[in-house]
Each structure stands twice: as structure tokens, then as C-alpha cells.
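The next part holds the structures, each set out as C-alpha cells.
Below, chain A partners chain B and then partners chain C, in two separate complexes.
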Partner chain A sequence: MTAAQAAPRPAVGRRGAGSAALGSGRLLRLELRHNAMLWLLPLAFALFWYNGYREIMALPPMWNLRAITLQNRLLFDLMVPATGAAAWMGSREGRRGITDLVAGTARPRWSRQLATWAATTAWAEVGCVACVAVVYLITARQASWGGPLWWPAAVSAAGVPALTAIGFAAGAWFPGRFVTPLVTVVVFFGLAFGTQAASGDHSYWQVSPLIAGAFDIGAAPGVASFYPYLPDLSIAQVMFAAGLVVAILGALGIPVARMRWLAAAVTAAGLAAAGTAVALAGTGRLDPHGMIVIPALHDASNDQPVRYTPDCSRTPIPVCVHPAYAGFLPAVTAAVGPELTEFAGLPGAPARIGQVAAVYRQDPGNGITVSGGRTGAAAFVLPDEVPGRLGTTGAEFAAQLDQGFGLQLMTDVILGGADRPAGTAPSQAQLAVISGSVRFPPSVESRDLEPLYGRLLPEPGSPASLAAKRFAALSPAARHTWLAAHLAALRAGRVTLAQLP
Partner chain B sequence: MTAVAVRLVRLHASSRRLPAALVLLAACAAGLRGTLYVHWDDYGALQLPLIFETACAAIIAVTAGSPFGEPERATGRWLPYLRLGTAVTLTGLASGALAAAGTGMPLAGGFPDIVRNVAGLTGIGLLCATVLGGPLAWTGPLAYLVAGVYGLYTDWHPPALSTPWIWPARPPHDAGGALCAAAVFAAGLAAIAIRGARERPAGDGPST
Partner chain C sequence: MNVEITDLTRRFGRNQAVAGVSLQAGPGVFGLLGPNGAGKTTLLRMMATVIPPTTGRLRLLDRDPGAYGPRREVRRRLGYLPQNLGYYPGFTVAEFVEYFALLKEMPAALVPAAVATAIERVDLGGKARTKLRTLSGGMLRRVGIAQAIVNEPELLLLDEPTAGLDPEQRVHFRALLRELGQRATVVVSTHLVEDVGAACSQVALMDQGKVVFDGTPGELTARGSEQGTGDAPLERGYTAVLAAARA
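Right after this comes the complex of A and B.
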């Protein structure tokens, strides 16, 4: 009898829960159909196309470059429509003067507000996901190596609810015709200019979801190519955004008498999460691979280099690059092709030259030093300023290659590289051969080379400079033949300018 | 000016929330002044005034909305002049307040930049008010803010946007940018004076 009486109770409970869920679903569907964010989606797409998409697509098709730039741009472009729509929706009851009218409905105000906010956020997330999908699908068709980086996209997706929560709460608390534009401008100012306060790798401001990785490196090809993308900062940013959302939505419920303590507890939990994320961001440090490590969130297995099969050129000395850089290999071989022909097979010349990762170091303030982690003539570092990044042209990239890689190859072979005794000044003949072998494109100006005069290049107008011009006039094959016969003597400093061809 | 005219102006100003708008314009000017004391990098220094100019333009555009709807249109022939006067007065006051806020401070672009940007952005806002209604008139200036900030960004990172329609990215004395901003402002004034802000059945924006 007791069992028979007790049996229906769970059924009633289930029906009640099911009915509540159904009701919430209906409410959400209604809010989705009558939501301002739906009408602002075209504006969001237009802003993203204008501000983000064109610049992202102008970048070389490398996952790291495009994903990091996407994180920096997407939320920025969604900021105005998402915050504005949320503020508009949040102020609806107050703006229309129906607060008292709807107070008598079955659901508490907090519940109704959450449904409206959820619908606004859902449409904003649709916009966010659509933008990510377009960029990632196009990149997947163009990239020569790698796969999507999901953490930058996750940070953007996590930032959207934070924007809508701020806008919604402002609209709900201060309903009025001016609140929507004002809160949108304030959020724009806070988010866009908040990054200006970021200084160095220990900055708390790194928690801003617009910052992907080290603030003054940004989207660089050397970051997350040779080593995995570190999610440490992204985790802190997602935690911050989620904490902010929970805190704001909780605060919306505090005025509801029956739920005051629950709402206060939720708000406190959200604030604790957001505060913890800010504190974690402040413990970050720049690792040598250009990413931010947060010790409390760091997974040591991410420090292992990525495995890859390099792409190599069919040149007298093969040049091998990371497959993500495969698109730049023709530019590299075109820039240093004559030098490769000249040195192929010479004693001391490398049999193969491979790309190695750049090494990043944090300087005081926002300064970053990027250096090559190479160990001799057999290794080289490609510059971060690749064509398409920050307006870099193909000619500027070629000039950088000649100034960096070409000159480095020459000096390593002619002067002996690491085997060269420290403090030994190069002879005039050595400088003439180096200068006569490296092809600087016309875009390289004299002032760019000035620091190298006397150290790696002869002074302009000097006898060594004239000898360099004579040497440069020879064909690569002729220079190779001469070097094959005289390289040992040249390295030993026994060749004079007069002996140069 | 008769007492009736003064009363008409006062009532029109009240219906458009002009007192609140004036307070907010003053707050924007104070905000600009306060932020100019902070050290910004080159990006920030150039982009900062545009944010406050946009806020002012959005406030002016939102005031265009009428709480009365259709009945107001039948009240007499002075309504277009009142709308025009309100928009011009607020634009002038906003420009003056922002310029005063930048006095003696390193304000990028100076007064010509402020006048051009506030006028152009207000024109966009008034056009939006005509098309979308007063309460939603902020969408135009704020969307243009993103475009303007990006235009200023491309001054460092080529290819720079050279179209004068993105006038915030042009130098303060650039004739093309000033003409475009002036044309948009004139179009906005004409639209708001003749047609007024769009009115919805509910009287205050779309059904959302």
C-alpha cells in the first residue's frame, strides 16, 4: 500500500520538471523569434567583413596567423551589435513601461530575463560561429600544413556572452533611450582600449579576450608553428569571460526577493572565477616560442616540439622549411639561389640548410627581442614579417632574406661561422667576397646596411668595395670555381684584394 | 520671440529629452578630458576622440525620436524647424563641448577634426533615425565607429583606406573628408527636418 501510494510522486515530479522545461523552451523560442540581435546580424557580418575578414584573408594561409588575428578582430566586430542588441532587449520592459504588467506572470522576472538574454546570446553566437566557420573553412582549403586552432575561436565564443550580459544588465537596470548607445560606447572603449594598458608578459590586462598570446608579438608566423599553441592564456580568458557572465546574470536576480541569496551566491561565484582568472593572467611569462605560459595552467607536454616533415627545395644546397612555410619556399630560393649555387660543394658549406624556430625574449615594458635559435650555416630563421602580414610586400620579404639569411650564409662560410676566433676582424678581401656574393634587392637602402659596414661589408667607395663589384660581376659558377680554389686561403686571411678576380 | 514660441520650443525640447541629452553631452566632454590625462600610444591618441565624438552623435540621434507619433505631425507647421533647430543646436553644443574639453591637452586632430567627425556621425545618426526610428538611431554612428577606428588603424598598416567616406582616417584639413561629412550631415538634417524620425505603431521602436 505504501509502495503503491509513493509510486505516483516521482511521476508528478517528472511531469512538473518536463512542463517547466517545455515552458522554458517555448519562452526561449518566442524570444528567439522577437530578438533585436537577429536583425543586427547583417550589421555584424558587414563589420566583420570590413574590419576582420579582409585583413585575415590577406594574411598568408597559416593557421596560427589567421586564428590569432581572428581572435583579435572577431569580438571587436561583434561588440557593437551584440552589446547594443542586448542592451536594447534588456531595457524592453522598462522602455515600454510594462514592468508592472508582466510582474504578475507565472515566471519570476529573473527567469524571463535569462530567457531574453539567452536568445540574444544565441543569435550573437550564431554570428560568431558563422564568422569562424567561414575563415576556418577557407583556411583549411589554402593552408599547406596544420589544422584549426580552436582556442582562439573558443575565447571569441566565450566573449560573446560576456558582451551580451553587460549590455543586457545595463539595459535592465537603466532602461531609457540613451542607455543602449552609452553602454555600447563604454564597452567599446573598455575592450578596445583596455589592451593599451597591457605591458609585458606579467600584465593582468592580458585577460582581455582580444589579446591572443604575447601582446607585442601578436599574430606572428613563428608562434605556434614549431611548438603547439599554448592554451594557458586562452583558458584564463575563457574563465574570466564565464565568471563575468555568471556574476552579471546572478546580479540580475538579486532584486528578486525569493531568490536573493541564490543570486548573491551565484554572483559571488562568478566574481571569484573572474578574479582568479585575472590573477592567473598576471602570473604569465613569455616562453621562448612566443607564447604566454601560466604556470598554474601549464601542461608540460605542450613544450614538446611539433613533429613535421620539412619541405625542401631542389637547389644545389637544399633549403628545407617547416611545411607551414611551404608557400614561402620559392621566395627563399629565389632570394638566395645564386649564393646556394656559389657555395654548393665547397668545404665548410652546409650540405642542407634547415629552418629553425625563432627565439622570443621579453624585454622591459612591451619590448620583445626575436633572435635566431640557429647553430651554424646549416640552420636559418625566416623573418616574422612575411608577405601579407602588416602590409609587408614580397620585395620587402626578399630584402629581409638577403639581409638576414643571405648575409648569414656568406659570413658563416667565408669567415668560418662558429669556428671563427672571437674578436677577429675580417680582412678586406673577405669583406669584398661577402659583399660581392650577396644580392641585395634595390629596396635595400644604404642606411639599412650602414651598421654592417666594416664588420661584414666593406665601406662604400673603399678599395674593398670596388673589388666586391668586380667579384659580383662574375657568374655564380665562376665565383664557385674561384672559391673552390681559394676558400681555405681566404678564410686564413692570406688573400689580398689584388688577388681577387 | 513670443512667449508661445518659447513655450513651444521648451515643450519640444522636453519631449525629446534634451535636458538629459545635454547632461550626457557634458559627461562625454568630461570623459574626453579625463582620458586625455592618461598616456596613450599613437593608436589610442588618434582613436580616442572618435569614441567620444561617436557617443555625442549617438545621443543627438536618439533625441530625434518622438514619444507622440502621428498626432504630433498634425499640430502645426513649426515641427520641421523645431527638429532642425534641435539637431543643429545639439551638434554645435557637442562640438563646442568636446573642443573645450580638449583645450590645452594633446587632442589629436584638434577642433577641425571634432567638427567634421561630430557632424558626419550625427548625419549618419539622423539618417538612421529617419529609417529605423529614434530609439535605434544609435546603430549607424556606432557601426561607423568600428569602420572609423579601422580606418585610423590602416594609417599604420597599409594598404591605407583612402576613401573620403571614411573621413575619420583622413587628416583634419582634408577637403574630401570634410565634404563627405558635410554632405552626410546635410542629408541627415534634411531627412530629419522633413520626415522626422520613423514612428512605429508601438511608439518606441520595433516590436523587439
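Right after this comes the complex of A and C.
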């Protein structure tokens, strides 16, 4: 130790705002350099890759599907490293026995803790933003239409400080080495059970940042394709997360005598914001487009449909889909191509068939009914179970199209569609033609179709069933020729089974 | 006077750690001696504004640390080395000292030079970029001293500063103490009477929460000329005063 060395000038002086900001910046830099979250970023990325990224990338490249699933997964994957790192950093002074040393320094404890928390949160946000960036960059290269949905990403980003605030406060208040695993487990199960508790569209639990849109629908292609993504629930979720952060950080300052009233006011403001957000989430209702409307936050201009130019097939009857679904157009035309060929040009057959938005309705409890908004041969609804979503295969998608789109086209043309008198049962010949034209999978039975279409399949072994097999054995061109000549009579019920080719 | 203490007490539950201490100290090195449990550390923690006194009056650097604003002013001018120095193992020596310079709200522009100087003064210039986890106990103690002096404190409180230092470092440290004491009030709590004899101009001896001697090292030595036990004159004075206080 050197006593003879010249001592520096006295270091205490007036600190200007610039110096204070520079000092805070240097402190933050030190905290950033020595933050546990930095070392846990690889774990965060690994968890996201395992739990979120693989599932998101397995989805069709549609912005709505991937963004909504991203919100469902990202915060959950960041939860363990972010909360754990924050709790570890929050308990640092106590664990390291440095409380006396720092208590005798001029910088207020609140300010010191905020620097540590901010550094932890900054690294956690880096992880969050990186995950969002990877998913959105890849989706931008793959998606056929649209752009990033920012609200789901914003909710995830807003949830990160809430996680770190909870962890940090727990660590600061209970500075033991076991508080880190304990608070991590508690938050993990709290988040997981919080989503499970959501029931129906008026649930307060919708405020959970893990829930994107209507919980009972989840990520569906029909949501936010034809209409803009509604930010109502996202706004409430961001308000809730921000309120939670403010309340917790305020509570950290309450033990400081001079700041007690200020800290209590900040805490109360945060709790008020979070409580208001919960109340708002409870007023949410499912709108026909599959999203949650919160009346107090709703902007009516968001109810206008999105403008788009449809993608159409070059089939005898062109099939046009929303450009976001362009990737599915080949599968659609392949599935119903024979029917399109068979019915093209027939009286009553549409000149063009366009995709329309599905209509969602909340049933009691967790039930959701999805239906087509417009009926008729000129419009169809693509099922939400597109290939790649919830394990749906291409074959299952084609079967759904046959059962839905194909059968709707068939019944509308053969039975007369909207012109058909209500309650009129189809004739045996009509049943035979329908059954012989639509390529149902062998597993489909009449009872599968009855709820939607009524009795459309003849009894197995019946004369109508035998006539259907005969009709199905014809080529599409032969069926088209016969239908062109006899469709009017068939519709009128004047064709008998014996007259079928 | 930089330190004015009047009838100061501090109670932890039923235990009266400090029981009516009155002291005054101006610039110079002030030694605080006493056996284990005498209340030295508690007194130093109160002077470091870590804990408030239960009763009594405490003025530091002509300010009342009981009020927020003056306390913050005192803390900016304070250096404190606690008995048990906690540290962050992942920090380097320079980062740790810089961390405390920033917590002491030093003007940011002065921090880098002050950190470098403080580290040099404890002979750790070559270890500035070394992680604390790799340092020996004595080196860590010197890091603790560096963080205490980084802001050129007007009041420096050192609790067992020479614990773990080798003899050569202790000699150097005493020289540093004398140099610091030329401008500031340095209060050194220690078991080692030879440190007091070599570096302190004033000394107080505490026992059972009370000051039983307050004077110069020479006066303490004189108290042991007839009845004290120990190898050194100051030790004999120390034991003699304690024996008289307990009699």
C-alpha cells in the first residue's frame, strides 16, 4: 500500500444532471456485464427452440397463426430463465453478505435495485426480441400475404418485465439461495394454471399475457385474415403487465422512509392499472371474426374487412381464396377438382367460387361454433384445420374439403341451394347422384353429415346406394354430360333410380 | 469535529450492544479497541449510517445523519470497510471499486482516475483486471480498503482492516492510514493493539457497550505500567484498563 502516492482531488462535488446520468449509465453497464440473465440466454433460446420455435415453424406460414402461437409460447419459454435470473440478482446483496457495505453508500437503495433489475430485464428483452425476430424474419420469407402482427409480440415484450419484477422482488425480500427455484416454480405453475382457468369469452383470466385472442379458438387461420387483428385484449394485457411492474417496483421502495409515500403511491397506481386491466378483460366478448372485443377499448374502425386481391385457380369453375391461404389453393383444387369439372357450366352452378370468412360464436362454457357466414354455391369457408395445424395432415384436409366444400357445391347444384323448399327431403335419385359424385372417405357415415346437411347418404345396400355406385363409376365427363341433360328434371324430382345411368 | 457522539445507545432486542457512548474525533486516525462483543462493530455501523441509533445524538461531518438529505451528503463523504467484507466474485478488482465509486455518487468523470488511484494505493495495480474470486483473503481485504477510500472520504470507518494482511502489507497499510489521517477522520476498529500504537493519534477502548478509556496511545500505555499483562506496553495498558473497568 502506497502512502506516499499523490492522492486525487476530493471527489465529492456538485453533481450535475449529466454526471448523474453518466454515473447511472456506468452502473447499468456494470450490471449488464455481470448479470445472470446474460448467462441464461442460451437456456432461454434452447427452451424456446424446443417448446415454441419447432411448433411455430411447423405451422403454415401465415402471420396470424405464427404470431398468435408465438404469444402463447414465448413468455412461457422465457419464464424460467427470466424469473430465475431476476430472483438470483435480487437476492445477490443478501447472499453475498454485502448489505452493510451498500447500505452506507449515497445512492438510494431503490435506485440501486432498479439498475440491477433493469439490466436483468434488458437481457431478458434481448432474448424476447431475438426470438420474435427469428420467427418473423422466417415468416416474412415464407408468408404469401400480410405482415407481422405486432400486438402479440408487444404483449410478450411487456410480460418480460413483469416476470423479472416478480422474481427480483422475491429475491430482494427473501434473499436466500432457495428463493430462486421456489419463485420460479410458483410463477411457472401460476402462469400455466392461469391460462387453464380461462373459460369462455368473459373470463378475467384472459388478461394473462399468454392468451392471444379467444383462448378457446387459439391460433386459427380464420382469425385476423379477413379482418384486422383486434388489439383490445392485447392493450388490456399490456396494461396489466405494466401495472404489475409498476406496483412491484414501487413496493420495493416502500421500506425507504423518505420515499415511503411516493413508493406507496406508485404501488397503488400500478395496482389500479393492473386491476383495471383485469376488469376490462372480463368484459371481453367474442366477435364474429374470432377475436375478443373489449367495448371500452374497442376502435370501430377495426371492424372493417381487410382489402385484398384473391388468388384464383385455373379450374373449370375458378376457386378464389384469400391470399393468405394461397399456399392451400393447390390442395383445394386437387380435393374438389373433379366436382368442379363435373359441375362447370351446369345451370345453377356458380361461375366462380370465393372463400369467405368463417363466423365464430361463443357457446356456453368453452364451446365455440364455427360456421360459414354466407351460404350458397358461390362461397365457401376453408376449415381452420389446415395442414400443419394441430397435426392435421393433407389427407385430412382434403377429406374436410370433400365433406364441406364438395358436398355444399353438390347439394346446392343438385338440390337447388337456397331455392330448395325448406323441409323437403331429397329424392332417392338425388341422393344417389350426390353420393355418387362426392368422394367421401370410406369412414364417412350418414350420421356424420346429418347435423349439417340432413340425410344425404343412401342406406347401404339400398337401391339408391347401388345406383350411386353405378353413377360414381362413370367418368366425370360422362356425369357432366348426363347432368347437363337431366339436371332440371333431377332437381324437380322427376328422375327415378332406374333412369340413372 | 467530524464525529460527535453523545450518549449513543443501540439495542437489538434485549441485548444492549452500545450503552451510552460519547466520543469526539477530528482529523487524524482514531483507534477503537476492545474485546469481542464490546460494541465496536455496532458503533461503527451506526457511524456508517447503516443502522440508526436507538437513542443519543450522532453528528457526522457537521451533519445530522438522521435526516435523509444530510445522511446522503454524509454518505458521499464516507468510506466504510465492514468487518465481514462481502463481494461479488465475478467482478474484477477495478469493477468492484468502480461499482462503489458509482454508488457513492462520485462525479462520473472522476471515477476512472479515482478507481485507478485507489487500487494503486492498496498495491493491487497489477491485479486490477483480476476476478475477485481468484484473490486471496488478504488481497480481498485490500480491495475492501480500496473501495472505502476511492471517494477520498472525509470520514473513513475501518472495521478490522488488517485482518488477513501479511506483516509487510500491515506496515504499508499503517503508512496509508497515517497519510489518510492528515486530511480525514479515520476510525479504525481493531483487536490488534500494535496497529493502534503505530498509526493512531487517539484511541478509545470499549467494553460491554461503553467507552472505558479515551485518550492517546501514550496515555493508554501509561495505564499499564504497573499492573497490566501482555508482551507490549500498549497491550499491558489495554489489559489494565479492561481489568479496572470490570473490577
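Structure notes:
Note that the second predicted complex is superposed on the first by the 472 of 501 C-alpha atoms of A that agree within 3 Å, B and C clash if a C-alpha of one lies under 4 Å from a C-alpha of the other, contacts with A are read in each partner's own complex, and residues count from 1 in each chain.
Please note the rule applied: contacts are C-beta pairs under 8 Å (C-beta built on N, C-alpha and C of every residue); 3 or more make two chains touch, one makes a residue touch a chain.
All values derive from a computational prediction rather than experimental measurement.
Of the two partner chains, chain C is the only one touched by A:19; chain B is not.
Look at A:96: by the touch rule set out above, it reaches both chain B and chain C. When the shared chain is aligned, chain B comes close enough to touch A:40, but chain C does not.
Once chain A of one complex is fitted onto chain A of the other, the partner contacts of A:76 are limited to chain B, with no touch recorded for chain C.
Using the contact criterion defined above for the overlaid structures, shared-chain residue A:84 touches chain B, although it does not reach chain C. Of the two partner chains, chain B is the only one that A:188 touches; chain C does not reach it. Shared-chain residue A:308: touches no atom of chain B or chain C. Touch criterion met: A:180 reaches chain B, while chain C stays clear of it. In the superposition on chain A, A:390 makes contact with chain B only, not with chain C.
34, 92, 96 are the residues of chain A that lie in the contact sets of both chain B and chain C, per the superposition on chain A. Listed in rising order, the residues of chain C touching chain A in the complex are 45, 48-50, 68, 72-73, 75-78, 80, 82, 84-88, 90-91, 95, 98-111, 113-114, 117, 120-123, 142, 145, 147, 150-152, 154, 169, 172-173, 175-176, 178-179, 183. Contact residues of chain A toward chain C in the complex are 1-5, 7-13, 15, 19-20, 22-23, 25-27, 30, 33-34, 92-93, 96-108, 112, 257-258. By the touch criterion given at the top, residues 17, 20-21, 24, 40-41, 43-44, 47-48, 51, 54-55, 58-59, 62-63, 65, 134-136, 138-139, 141-143, 145-147, 149-150, 157-159, 202, 204-208 of chain B touch chain A in their complex. Listed in rising order, the residues of chain A touching chain B in the complex are 34-36, 39-40, 43, 46-47, 50-51, 76-77, 79-81, 84, 88-89, 92, 95-96, 176-178, 180-182, 184-185, 188-189, 192-193, 196, 390-391.
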